[in-house]
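The first chain written gets the first letter, and so on, giving A, B, C and D; residue counts start at 1 in each chain.
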Amino acid sequence: MDPQALLTCLSTASCVITQTTGGLISGMLLFLVAAGLSLIFGTLKVVNFMHGSLYMLGAYFAYTLYTATGSFTIAVVGSAIGVGLFGLVFERLFMSRVYNTDVLMQLLVCYGFILILDDAVKIIWGAEFLSMGMPAAFQRPPIMIAGGILPVYYLFLIGVTLGVALLLGLLLTRTRVGKIVRAAAVNPTMTAALGINTALVFGGVFALGGLLAGLSGALAAPVRSMVAGMGFSILIESFIVTVIGGMGSIGGALVGALLIGLVRSFGTIGFPLFTEGVMFLFMTLVLITKPSGLFGKEQ
Amino acid sequence: MLTVENLHKSFGGVNAINGIDLEFGEGTLTAVIGPNGAGKTSFFNLITGAFAPDRGRILLGTDDIAGLSSPDIVKRGIGRAFQIASIFPSLTVRETILGAVNTHRGWHTKLRRRFPLGEANAQADEVLELVGLTAKAEKLSGNLSHGDQKLLDIALALALEPRVLLLDEPTAGMGPEERWQMIDTVHKLWQRKRMTLIFIEHDMDIVFKYAQTIRVLSYGTVLAEGTSEEIRNHPKVIEAYLGTAYEKGRG
Amino acid sequence: MGDGNHIEEETMTDTQRPRRTRRGFIKAAGALTASGLAFPYVSRAQDKPIRVGVPTILSGRVAQLGISSRNALQIDVDKFNAAGGLGGRKLELITRDSKGKPDEAANNTRQLINGDGCEIIISAESSAGAFAVQEVIRELKVLCIHTNSETSSLSADPKIRVPTAFRTARQGIHDAIVSAAYAGSVAKAKGLKTWMSCSPDYAYGRDNTSLFLEYMKRFHPEIELVGEAWPKLFQADYTENITKILQAKPQALYSCLWAGDLVSFLDQSGIYNLFAQTTLFAINMADYTTLTAVKNLPAGIHSSSRYLKTFPAVPENAAWGDAYKAKFGDFPTNWSWENSLAMTFLTTALKKTNSTDGAKLADAMRGMKVKSPFGADGTVTMRAEDQTTIGYAIGWGTTIPKEPYVPTVTPGDWKSILEHEAEWKKKMGFA
Amino acid sequence: MRSTVWLDIVIAVAAMAVLLLLPLVFPGKAFSDFMIRLSAFAIFATSLNLLVGYTGLVSFGHGLFYGLGAYSFALMMQKLGTSIPVAFVATVGVSAVVATVVGAICIRLKEIYFSFLTLAFQMLLHSIIIAWTPLTGGDQGLTGGVPRPPFLGIRLDDPQHLYIFCCAVLVVSLFIMWHLVRSPFGYTMRMIRDNPRRAEFLGVHVWRVRLLAFVVAGVFGSVGGLLMSLFVSSAYPDFAYWTVSGEAVFMILMGGISVFFGPLVGAVMLLLLNDVVTRVTEHYSLMLGIIILCFALGLRKGLLGFVLWAWARRRATAN
């Protein structure tokens, strides 16, 4: 513990700026994964524990596409769509069979897939870690803002994430599709009775969640080394984020992700050895005081 | 036996129960009626401690039970069965009743001996016989027919030897013939056990035939009370019921 | 009795001895039922190959640790067997995946010995696993060589030491002394006064870094430590650590991040232009898998030699590296040479004793000096007092973005290493 | 009534006798090693099933007690040098206190939120173990071994003694838990699993029963961890990681959630599977993943649950 260092940091502008932007950046990728997790839970009432594996797939797809085509755009779009399709197939073939069973069965199906995908990745791409490298367009010196440093790629990342958050929000609140999804979330049998194909809705939501995870994996690929099992830590963190923000709330996921980003960013200065503990402590306190999360609807 | 004074309860600004004063004499058979949303089930929930009232007293004998927890209220002698049968699907019928008997006798947290404790068996048999489920005792509760599940729900309450028994629409979801059988069974129970029985019912034929007295609720207040004859001709009741019927017809 | 029974004899404690007749019965019953009831653990008969059990990590994020270890072992086993084995008995490797969990490592080691009849253990585990294996060896007393754990206390602390357990891995304290000597001289030459560290927050990371900083301060008291960053092991996102370093603006940064974590850290630091202002000393950089994985490898990173086929610059080393690559398609790793060294010691000891008995092999190994392409002077010695290797090649250099990646390596001075190590041991109460 | 309790005791004694004779059939230390691990996991998984299968409390964080049991026992033996029985009893006591506090907080939450909170508490313990390096050795685990001084003529550093000791703890633990689920309290647990609201209107203080079940499960969970720390002569942070809870859940589902001995059967299956599959292929996760899917999609009753169900059906059709 080093509260002195934390105080020192909080009293200098450049430190606050750099650590805050750092926290926001960590939070952004986390948000994309957590948003999918939260969306799926909100609609399907399923905790998709293999969401981290979808993120991993996104990163590997992007690696392969980028190596093959040399275009970062193709890599990002292609892998997001690819993982979205994978999510759809997974939901239709496996997950849809366990909706009406114990939560444990859902957990088990996800756990089975975590194991299978980790090994599959090892078989296809090898056990060695891979790195995709920064696309040439982003290989330029970082921007300085009031003594704080902001890399160009992260600026791009923040833009994309905020754009996705906005689109997602509009989709859910302003469109017919969003209304159907929200209706299906509240009362699936009623929605089905109104002639809406809930199977399609559920599959679509899973595909969208997968798309978001794939997108974040692809966006992370230039800055994170890839290895089988890489989805695990992001799963734990995005799980914390969704629980804190409120399972099912996209806005909650955004706030939760930024919060965790900031806890980590300032925690690494104030209590470097216990940042993870603080995250779980935070999660515990939120669950005790408001189980449905900061922005979740009371059940 | 059971007296309710100035009972109030609101949910999120809506006054579900808005000042109810009622008295139920010992050993009486009372029907509670009223249009949908009149607050009948909320009234039961308040009496059995599912919610605490905002204001008012609920006297069982001379004790105020308002604000006590459900288990504590149940232990003082108020039993309850539900509109949608509330049972334990993976237990057999006998196990279900034995569980209730054990609970009633305060043995349900006993660790030392095996379930069921011997003395409970006789009482369980008696309860099963009372509701006519003896032949189905070894069946899984979850596999029973709808009517039998409702009977089992009532039997659960009976196993507690309640002084006051609240039945929320005992005939809900049944065919015409089944309804009369069910209400007949309930009536016989009341005659044999002589407890204070209060039931919510929609079927007016049943209500008028069996209830000693009738209490009509509307918008969380008591609209009228009296015998079948009095209620049948009560202008406010007619208005309330016909009014809803008119609105429905128009809508 | 053949050699196969030695372990059973060896591990029989005093309480078991009076029950010899019962054991006879047990054996008979076992033989009768073995085929029918075949519990998956059926001991093999004698005069079969000498089984060498290798608890290691083959899955998860560190799978590379086990795979590159196993590859190296296999090369040497094949060579030994092709040369006739030990009087006709061949060596057989049995690897078992502990998935990186210490309790699995302990359990696998027990199974390898008790179930598969392994007479020798090569523990290609990470540190946590190695300590768990050590406790099993304490009880079962077969010969064990730790090949990947660099944590000094494994061999230095007499409370943890076990008579039949050895280590052929580099050792933390050696690394720290060499690193500090090298980094100190660079610091002096270039005037790098303010330092910071960024190492993974787990036992190895903490030990390695605190030792390095301790010797840094001892050798160069004028150096100032301006901060420490402790990312988690296998952390995906290093942003908050990088920004912390940017804040502190150190002239030099020491890191013992390794493999994928180091690559991520470099990639992410790159976009912050961190190394424009700070010189990086990354002890685990110069390993081929890491060097080749980083796209746009920055020039001028200082690193210790993990494994380089150009250091030591002897033909045997280059040939070994090439042979490995020819067979497995990749260059060997730091773990590969450590395992190969273990095989050199093992096969030499086997030939010398003509036995697989743990105590006998251990006697032969203590103080043994072998010729090795990985030796600083062409030889490596298994020091008798703490059963760990000394005299292996160790040095530092700076990177260039293409082969040979680290063109010149400044070797460490073993005389100085040993002096400082002796002093450290005294201070720690180990000697 | 009394006679059935005696019958249980006779069965338990017979089971113990069988366990003592088994090494004659399966000689070699590999078998006793297996059984020692099995005893730890079987007690742990069965205790979790008291919550998941019998009370309807789906805990994701039962590993909290596994880790707690292992660490508190190992630390007491290492740092305080107490005798094994004292450390055993003290570990049980510590777990009971922790379970009471954690349980009182967790059981207020419903369904999935209960699961989340238990998981959070477990990971909190894990973080503490990792961070409190001077006491726990951090990620390295406790080094230097757990001393096993003799008591009452029992020497647990002797593999045979350890085998007998673990088997005895297994039989006694399962006996107590079996007795518990057959008691009126056990039925109250099942009523709460099926329909907590109804149980409340029968006069059951649901939270008290849940809390008691949580404490009992926690205590036995810690006994599982304790046995494991005796076996590996150490304690590792992995013992408190969420994968430990996951493994126990998997054991329960493999054997059968609806049957008392399901978790025991599941523990045998998973341990055998682990040992066999890791020796034949390095694609252990792939195999295990496929097997998990088979259970989740095909064999939901679990193996023992399925066998009993099929047997009951055959009997029913035969009649």
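Basically, a residue touches a chain if its C-beta (ideal position, glycine included) is under 8 Å from a C-beta of that chain, and two chains touch if they have at least 3 such contacts.
This is a predicted model, so every value here is computed, not measured.
*Asks:* Mind listing the chains that sit against subunit C and also against subunit D?
*Replies:* Expected: A.
*Asks:* I'd like the Å distance between the centres of subunit A and subunit C, where a centre is the mean of that chain's Cα atoms.
*Replies:* Result: the chain centres lie 36 Å from each other.
*Asks:* Go ahead and note the Å separation of the Cα centroids belonging to subunit A and subunit D.
*Replies:* 33
*Asks:* Determine the centre-to-centre distance between subunit B and subunit C, using the mean Cα coordinates as centres, and give it in whole Å.
*Replies:* That pair's centroid distance is 74 Å.
*Asks:* Starting from the mean Cα coordinates of subunit B and subunit D, work out the distance between those two points in Å.
*Replies:* 42
*Asks:* By the touch rule stated above, which residues of subunit D touch at least two different other chains?
*Replies:* Residues 130, 284-285 of subunit D each touch two or more of the other chains.
*Asks:* Which residues does subunit A have that touch at least 2 chains other than itself?
*Replies:* In subunit A, the residues touching two or more other chains are 118-119, 273, 276.
*Asks:* Specify, in ascending order, the residues of subunit B that touch 2 or more different other chains.
*Replies:* Subunit B, residues with two or more chain partners: not present.
*Asks:* Which of line, ring, star, complete or other matches the graph of chains that touch?
*Replies:* Topology of the interface graph: other, matching no listed pattern.
*Asks:* Strictly by the criterion at the top, what is the full list of touching chain pairs?
*Replies:* A-C, A-D, B-D, C-D
*Asks:* Per the contact definition, I'd like the list of subunit D residues that touch subunit C in the complex.
*Replies:* Residues 23-31, 33-34, 37, 130, 133, 137-141, 143-145, 155, 157-158, 160-161, 228, 232-234, 236, 238-239, 272, 275-276, 278-279, 282, 284-285 of subunit D touch subunit C in their complex.
*Asks:* Sort out for me which residues of subunit C touch subunit A in the complex.
*Replies:* Result: residues 59-61, 63-64, 67, 201, 227-232, 234-237, 239-244, 246-247, 259-261, 263-264, 267-268, 270-273, 289, 293-296, 330 of subunit C touch subunit A.
*Asks:* So in the complex, which bits of subunit A are touching subunit D?
*Replies:* 47, 94, 97-98, 101-105, 107-109, 111-116, 118-120, 123, 236, 243, 247, 273-274, 276-277, 280-281, 283-284, 287-288, 291-292, 299
*Asks:* Residue numbers of subunit D touching subunit B in their complex, please.
*Replies:* Residues 1, 4-5, 179-180, 182-188, 190-191, 193-195, 197-206, 208-209, 212, 258.
*Asks:* Name, in rising order, each residue of subunit A that touches subunit C in their complex.
*Replies:* 5, 9, 14-15, 18-19, 21-23, 25-26, 29, 118-119, 122, 127-134, 138-139, 141-142, 149, 151-154, 220, 222-230, 233-234, 261, 264-265, 267-269, 272-273, 275-276
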